[in-house]
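One chain, chain A, appears in both complexes that follow, with chain B as partner in the first and chain C in the second.
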Partner chain A sequence: MPAASAASPRLEAAALIAPGAALLLAAFVLPVLQLLSVSFVAADGSFSLDAYARLISDAFYFGVTARTLRVAALITLITLLLGFPLAYVAARGSPRTALWISVLVITPLLTSVVIRTFGWLVVLGRNGLLAQVLQPLGLVEPGFALMRTETGVVIALAQVLLPFMVLTLIGSIRAVDMRLEEAARTMGAGFGATLARVTIPLSLPGIVGGSLLVFALSISSFITPALVGGPRLPFLAGSIFESATATLDWPFAAAQSALLLLAVLLLFVPVTLLRRERRG
Partner chain B sequence: MVSATPRVWRIAAIAVVSAVVIYMLAPLAVVIATSFSASQFLVFPPRGLSLRWYTEVLSSPAYLHAAWTSAWIAVIVTALAVLVGTPAGVALARHHVRGATWWSALFLSPLVLPVVVLGIGLLSVFSKYFGGPSYFAIVIGHLVICLPYVIRTVGAVAVGIDRNAEEAARLMGARWWERYLYVVLPQCRTGILAGGFLAFNISFDDAVVALFLRAPGIETLPLLIYGRLEFSPDPSVAAVSTLLVALTILIVIALERWFGLGRLAH
Partner chain C sequence: MTLVRTLPALIALVFAATASAQQTLVINSFGGDYEKTHRELIITPFEKQNNVKVQVTTVYSADTVAQLRAQKERPQFDVVHLSGGLDATAAAEGLLQPIQPGQLSNYKDLYPIAMQNLASGRGPMYHIAVIGLLYRTDKLKPAPASWKDVFESKLAKHLVWTDVSNQWGMLGFLMVNQVLGGTLDNVNPALDAIKKTLPGATIVSKSPEIQQAFAQSDAWLAPYAQDYAFTLRKAGLPVQFIQPREGAPIAPVTINLVKGRPNTELALKFIDYTLRPEVQAGWANAMRYSPVNKQTKLGPEVAAEVTVGEAAMSKLVEIDANQLSARRAAITEAWKRAIAK
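Take a look at the complex of A and B:
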């Protein structure tokens, strides 16, 4: 047996990883770094923080950031509240139930965001499905529509992102040892108390992970806010697109990207570090 | 366990789950329903019943050309993603890689980092060094967002591979590439298939990366739909969307059959 093949598991792993690593460095890490460097360049080519100063001081862009974060927080809360019961039923129900919930969650997930948003345009628009259901009940005025409103964006985007929450939660609820729940029940805890004091605390990793994921995807999302919110209700991602392609203000587009990236990294780096520590 | 669940909770669970089911499916159902409309305008509920918008889509050069563009981009992206992602998935799942946590974080980061930032970063690089956006730029962008899925599905399968078979092959004198070709890869088959389906689906459905990296004249199917939604869509958009939903359902069935949908939860 050639010595090289026995002594080189480390080399072997490196060789397997190399193509993917090279691709991600060249096509992902470097472009993002190059973009970040653009954010520090003034029109005359000198170093400047003007783009960041404008991002913070301009009331309009501050509003864009605030709206993006506000909507993301709401969506995270909604997907958690709707997603947990669904995930619980999937994790603790029969295999058949679990399969149907997976189908229900994964089919929309794998459908283009453009199409899912299209559906919401028909539901939320003037004379849309929602208006047709609510008007006869006298709940809303004629001409009611949620298009071009923040509420509309929340409703549509929460549906788009719910699958991510449910899939993350299913995994972590399944990982909770069912015997602990049974022990709690045998020792006299009611179903609600067991849920609140055993199941939910033990599935906290999934609750945190799912919330971070949904929040990050929400502040980054482009298609749904652009189509449902429209041009008068800009969100961060749409604003980046505008700056880069319409006003051609690259430093400003880059600064907004840096802000978005920073927000996502602040969410995920601590989690990665924690996970690493736990693994030892 | 379920039998011990009090009735109130069970009713509450059924109510919440049904509400969420309606919430999840309503937008897709509405699109499918309006596609069979006989009316000229996009209205719900649809007026009349006809397949005219399907005939319209299938005889429209704009739709067909965009579909063709999306399809060949997705095929190339899938092939490359499988080629690059499979070895990485195997390595991260089976070998003791130094700094494995950070490598996994890097490989999976396109899942959580903003796609708009990737799009604009690539746009900036391609404008500066490669003479502007192009089909090639779109393929590269899609490759980045598809790679994590292949790495994850292959990794999920590779973790469970029997190490003894590989050791046996080694002892019997198989060279390293024979070991991979005849022992490791066949055992990863389902993960590779699932990753490939996901990669194809994501590339075919993407509008964000393509929106940033399209050169004038490049039109993929999601871009075409997005463009029409910004103005006034007619029911042909619903018809083409319904065809895409049908394609998605086929992919979901394939995933369940060969990989298991349950394994996509983590």
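Take a look at the complex of A and C:
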């Protein structure tokens, strides 16, 4: 008995992966391929690249894509800058600190993103909390609102996605051996230098992983940009929804979806190559 | 021993399952207060009367048509409620089952306009909404009288436009366009005028946002539906509806039979139930939708806030649903580009 299973560890591994892979194939790969095939169909049913041509050449849709990517990049940067200190304190602090930070970070995730976004509507609106604080100070004019602005979308979405960055980073920073940092300190490096030359380079996998996650979630985000940005600030996910349900232009919706997929896949390639290099 | 113990339980389970195997009817509704009223007036009484289960999915008209299209081989809805002329779109794509007048007992009592499209495979209207101007009575004296009044420059900051993805936003937009001399093929007159009201004016995409705009963002004027004025008044806002002198578009909501489903008979019963005079009166009382059934009895205050009678209905402007259907994508694109920052 033991001899038989020992002789085919690969078969064993394949058998374990099979159900998950089958599910992924049926529920993800096949539908995505079907979606992509829809993007190559013209109005009369023949093969056509019209949808893609329109997406690239039309200034309006180019603007939508540019805005989506720009906002996503900004959000990734902000969550990284805000998330790293939080993750560092959680990873290096006392167990109690770590617990509190984890609770503060995970609790928002237990609330639906719609509810969290509505919270921002109240804060960022014309007579909202932010306006009520800044107006008496004379910092803004009456009628000020960050609602329906790109800035508002960045703020709201950054807060919504921060937990993902922090949780990824905590794991990564914890994996950095504290003795390496201590060694750097004993050799005369200050706190900043240790951080820059030891901790950050060693927690790079987490930084890259967290950034990828936040970026992917940002460009595909639908609810928050729609609610906070409003109809005048179209984003890619909202545009896809509108093409699919309002104008009923399915090839175009599929083409935009393909673009979204491509944007994320393009980032995965260098990341995977980087990982392979480091391991080798 | 174990089998003997579990067998009675198994038998009981099988009996229970078959006993509770009621027929199910799948419909869509529009969520919020509307769906609540829908359940009170139609869904729950219908379930009790016919001993069936009605499964309600909250989805707006455009999304419903998109879903029906995706489900064409195997539709998941029995009865769909559609606004904005989308029943024309659905019928043209072969998604709806035509209804014969004889299949509805309430047919003889409907206003002609409510059943005029049965012949082309569309369902009857069960709500008539009228699109006009909602305005705050305390801020706008005298009341606006023309569609062009929305373009007064000092009103820009207090104006609310509804995105054309919303069916009633679309009809209001098209009416403004018509008044300014445009046609379904040329919506530039309205787009140019609306662009001038930006960035002061607010553009919303869902009706609850209109309420929010009136309540929190100092909105005074919005092209929207007559029944919504009632919703705002119930929320404590001093808002009235007015039909501008150039006319008001009729915004019907239709109830339609989906093609290719097994329980057509039950679905037709549901449609018939929706057209009863008591149900129509209930809608008028609760939400001020204008009734389609001539036999509907309304109290005087309610009658004043809806559009009833052949005479009043004949004054409403009808925007051809088939023509709109063909141009909807182009109009939506033009709108999107005009309002984008």
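In this section, the second predicted complex is superposed on the first by the 248 of 280 C-alpha atoms of A that agree within 3 Å, B and C clash if a C-alpha of one lies under 4 Å from a C-alpha of the other, contacts with A are read in each partner's own complex, and residues count from 1 in each chain.
Here is the rule we use: a residue touches a chain if its C-beta (ideal position, glycine included) is under 8 Å from a C-beta of that chain, and two chains touch if they have at least 3 such contacts.
Just so we're clear, the structure is a prediction, and the values are computed from it rather than from any experiment.
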Side-by-side fit of chain B and chain C on chain A, or clash:
clash
Between chain B and chain C, whom does A:244 touch in the aligned arrangement: first, second, both, or neither?
both
Tell me which partner A:143 touches in the superposition: chain B (first), chain C (second), both or neither.
second
Which superposed partner A:205 touches (first chain B, second chain C, both, neither)
neither
Touching A:127, do we find chain B (first), chain C (second), both, or neither?
both
Is A:234 touching the first partner chain B, the second partner chain C, both, or neither of them?
second
Answer with first, second, both or neither: which of chain B and chain C does A:192 touch in the superposed model?
first
Quick one: name whichever of chain B and chain C touches more residues of chain A.
B
Identify the overlap between the chain B-contacting and the chain C-contacting residues of chain A.
127, 244-245
Residue numbers on chain A that touch chain B, as the complex places them:
1, 5-6, 9-10, 12-17, 19-21, 23-24, 27-32, 34-35, 38, 82, 85-86, 88-89, 92-94, 98-99, 101-108, 110-123, 127-129, 132, 156, 159, 162, 166-168, 170-171, 174, 178, 181-182, 185, 190-192, 213, 216-217, 219-220, 222-223, 227, 237, 240-241, 244-245, 250, 253-254, 257, 260-261, 264, 268, 272, 275-276, 279
Quick check on the complex: what are the chain C residues that touch chain A?
62-63, 65-66, 69, 89, 157, 163, 165, 198, 202-205, 216-218, 328-329, 332-333, 336-337, 339-341
Spell out the part of chain A that touches chain C in their complex, as residue ranges.
60, 63, 125-127, 143, 148, 226, 230-234, 242, 244-249
Chain B residues touching chain A - in the complex, by the definition given at the top
1-2, 4-6, 9, 12-13, 16-17, 19-21, 23-31, 34, 42-44, 83-85, 87-88, 90-92, 95-98, 101-103, 105-107, 109-110, 112-118, 120-125, 128, 140-141, 143-144, 147, 151, 170-171, 173, 175-176, 198, 201, 204-208, 211-212, 222, 225-226, 229-230, 233, 237-238, 241, 244-245, 248-249, 251-252, 255-256, 261-262, 264-266
